[in-house]
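Next come two complexes, and both contain subunit A; in the first it sits with subunit B, in the second with subunit C.
This part shows the complex of A and B:
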């Protein structure tokens, strides 16, 4: 609720913090490139080209961004409440699976699409509800429960696509394809860019509004910053924790089903290369601000797609994606103490 | 920076020497501190603390007292100026460095870890080498507390100790670090007069064992009683340093605040029908032991009921039970026609109970959120602050601006986060929010703790005004003067029960004190 026109000191600080984390990641990656006799400048240029070089590459990056953005917007809400949902990956798979079953069951048409999206989102919500209940009713740490539920969820989906919902017409364990009439429409001819990206981008202002303009967002913030003050102020702390956690599950599920309806058209074991985990880095890098999260998810998507170009131009293994993501995670976490250190030393004046 | 001190006729020539003189334990020369948001907290402060003296610092809320002390103890860095310890210029980089120089500070808000025992809390600051030698810590605690004549069980948890004892632990912790200069930031603001007495005895003992003590307070009486010299700060500058023998209350008051302090005219209220009715209430404390033990109490509309008592006799639990923050074991709490026993806090707030909590930092505000957001805490869920869950941001801001000017809260702008406010201004914020709530009952716990004389007066006036509007007020305070001044009825609490009741007209202070100590 800060004044809109002037960028507040806090916002400025957040931006500097994010940029600092990115800069440190790039520096550290450069060092690793140098050790391996790779020119880092060249490498980053190839990476950039690989992500944004032409309309096709750009649309692939946006496609990549779509599920990451949807997941991390949800995580931003739960992180604001200081609820650490580490289980978005599992919620994403469950959402994708349930939504796909509905889409195939209804069989074609926009109604099936809509139903699939709704059910997919609810599936993610459902998968988050378990840990949420355990947190609120029994006080069990959500980090552990949400994380462990990932394995349960992912293996459950593996089993479902291996046995009960296995497609009859393929050799691999995967579900049947959704009817093409219910897929998310392609919005740019001769690319795979689909309506999902519009949905994801539209969610940015929605979540922003939710966090900054509604009493829900206000309460989430108060509970996150000071549960004791929240209790004193008459805010139902348990309820806010529950709602913010299942909200992040809702968006994780939506991300999963969007990926199916837009790109994969069926559930495979390889549906997500860890979007649920990437979302954590993105939400942290974007400092739980929907706009920041949007930029951060574009950045991570660019790293992912740029790296594959890097892989075949400079013969660098694809593992570089995980490396950079890991470094980013470390530096985002380290950036706050680092900023404070710099401020104390008077190097940084904000 | 060559800025001549304000109001030079007041300026004390003695301090103008260069401080190289070794008779000064601490000498501050031209200290200026400007916070990143532009607030000038200290402006060219020159101040000497003599070895072995008790030096009181007075000043309005936000005058820069805490900031100055934080600079001495290495928590903050001055933007310009010099610090001399024992006549030698030093740079105090961090609190560790300060502690090596023999400087230690007890903060305005306690920093002991409540879940830890006394021993653990002290071990935490002594463990500088990475090794924790608990036996050595124990020896240190025993020898120091023996020499000070303190009776503290090293195994008791901090949360189980009354405020007065916690204070002693804070000081014990400093002494275990072999501190020579003790800085105490408003140590007496939540102590009862009895506790203040024993606290002052300890200060005198410390002084006679050669320690130097700097003490911040808002109470003129205390400064006059305990100190050797007094320095008054206003708006970040030193107004005057005088020997206590040359000071009196009126002089100090005129130095601390500009202009006259309007004295509250307190006429007794005209109580109406009962609004808050507590009957045979039983409540347990955090460790499950009975804290409120069959207590009954009535507050009528247009009446101030004062609860007098030594902290730790069930006041906290009583208030928490009324406000829905603690479970009631048995008995009832009724608000006008509603039974509010064990109802959710939100329900109780909506039925019209406002509450100024004692634990202002953790309960009363959200430190990392803006002043405007904090001021809206209790009313954001209702129209006109929000409609259909959508917040009217303009109104939130206007509401904040109103309250800030009405209660003269000192803030750079209404959106700064509360952590940037001085202690007294945080208190003003809470008071502003709770007094403007409306409702039928106000529960005020230490409403003027940490407020300067002017702000205390203003709060008293607001309380009296609320009373004449027919609101029932339950005043819980360790400040007996405050209770006597405002209350229509005084209830003495001891061991979780009301053990005596007085009307101020025929008050027997002797008997009141005896009752507070459970001597009857």
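This part shows the complex of A and C:
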């Protein structure tokens, strides 16, 4: 009897595909570094140090990972259903705003924290429910509606923090601070690492269980692979689409309020540097597998934080993050036909 | 009582802000009639806006900016073509990839090229081009015949695209592909070549649509300059039922909403200064959603729209 871990061919392919896309992204980024007269090896070493160099940097990377991971776990579920929610950014802002109002309204304590998290998550769900209804009832492409809802949501939050919920004691448009007694506790002394990271990591097995061990997860997958087959098999396709889309909204809202309760402690216009969009790349790179998504969100968080070190050591602008995200997205897509090509040529054997 | 001059100003502004939407949605109409659902048009517009700015800024010539706008737009749609036409990948995901890549590229190079990552202002821009005699007509002259070249170009493109799609062999073949690419290829139509041609045309129009934002409207570049215009253009194509005339109507509707949200303080002076006025910024997006609910239900586009060949 051998006791070794058995990895299925499909999993092996997914791992190779993810590694291949990362490798191609690093090669393409290296070329850009070379054009800018920067040694790519040195740049990547600085980046790595900036993300993981000491306990403080590591905890900052984990803090960065938290909202990305929560968002992308939700997106993984909707993507598995082939529902492209690109409105996570707006859902995140709405969740953060509503949760913050509740936390301030209740006025502190663990109850305020719990209520804020629940309301925040529901806020995100609510913001996804409109596009979900439009998709299921009217057949309107969710990509368009979720994206448009981002603009409505973010402008609405901008307005709320500029007028009705503006903090009376700051010059900038931002909400009042949440009571410190309702904040997510710091779990590592002398860092900012907060309980939110535990919440995010705990969601990984939860979503894994949901997708792999429940009938809901099974149905989501069948609908994603073939809606016709699902309908033939008696699955209520519309309902699965609706639920998977609002589920991704739920987690996007939770990500937003977690970011407020753990780090920012108030809603600002700069609450998210595009976590909702980063989540799309992460879910794709992790190939909608919760464990893969967790690793991918750590990778993207490391790029984000590492690039700020790169900015002051090698004068590489912060925009490199967005560029690497874009490249990664294209390479994840193109790696599938590339792998098939390599297999046909006999270069790659899986 | 709203003054007459204010209304004329609103009508003129409607056409002005409708121009990028009109050019982009005409381009998207061509692609979608060939079965290609290109959400990457957002990225094509962004690349068009960026390359127009770079071209105009570094050469000092707006005309070179105009040409680079077209080049930028076409590069983006051709990359979409590589993913979707050549590699037969998912249309939606490929479109999103183009958008993210375009936003990464423009953000990075804006920060590389300009200190502080803020683009400077251009010395000059493509301003209004009043048409002699016609611009003297009361009301109509001011609204219709004192616009920029981009507005005229958009309006002229409507019948041209309509004729291209309905009266030419190219258009008839393209629409056949849009309905059923497999059968079309059995009939001897080169699906790959035709689809690349459609994307080339879309890239030119989307590049111009993005380019006019920098070299005719805002005078500078910002990575958020396109806002949601690409996605609004896709909505307009649905609302306009894949017909250039319908697309014209849709563009005017959204142009009107945007113009209204920009000028609400001028139209209703009693509102200016009120906090609610800020909320009008979200009006165009809300109207787009409402319009989709009202007019986008279960409309049938080209049968093969957004479908991968391998799956048919």
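Throughout what follows, the second predicted complex is superposed on the first by the 345 of 350 C-alpha atoms of A that agree within 3 Å, B and C clash if a C-alpha of one lies under 4 Å from a C-alpha of the other, contacts with A are read in each partner's own complex, and residues count from 1 in each chain.
As a convention for this text, a contact is a pair of C-beta atoms (placed from the backbone, for glycine too) under 8 Å apart; a residue touches a chain by one contact, two chains touch by 3 or more.
None of these values were measured; they are calculated from a predicted model.
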- Overlay done on subunit A, so just call it for subunit B and subunit C: clash or fit. clash
- Task: Specify the partner with more touching residues on subunit A, choosing between subunit B and subunit C.
- Result: C
- Message: Looking at A:151 after the superposition, I want to know if it touches subunit B, subunit C, both of them or none. Which is it: first, second, both, neither?
- Response: second
- Task: Check the residue A:84 against both partner chains and state whether it touches subunit B (first), subunit C (second), both, or neither.
- Result: second
- Touching A:284 in the superposition: subunit B (first), subunit C (second), both, neither? second
- Query: Touch check for A:232: first (subunit B), second (subunit C), both, or neither?
  - Reply: first
- Touching subunit B and also subunit C: which subunit A residues? none
- Note on the structure: Listed in rising order, subunit C residues that touch subunit A in their complex are 39, 83, 87-90, 92-94, 96-98, 100-105, 107-112, 117, 227-228, 231-232, 234-235, 238, 275, 278-279, 281-282, 285-286, 288-289, 292-293, 296-298
- Please give the residue numbers of subunit B that touch subunit A in the complex, ascending. 36-37, 77, 323, 325, 344-346, 348-350, 355, 357, 359, 362-370, 372-373, 376-378, 380-381, 386, 389-391, 393, 396-397, 415, 417
- Can you check the complex and tell me which residues of subunit A touch subunit C? 32, 36, 84, 86, 130, 134, 138-141, 143-145, 147-152, 155-156, 158-159, 162-163, 277, 280-281, 284, 317-320, 322-327, 329-330, 333-334, 336-337
- Item | Complex contact set, residues of subunit A against subunit B | 1-3, 8-10, 213-216, 218, 221-222, 225-226, 228-236, 344, 346, 349-350
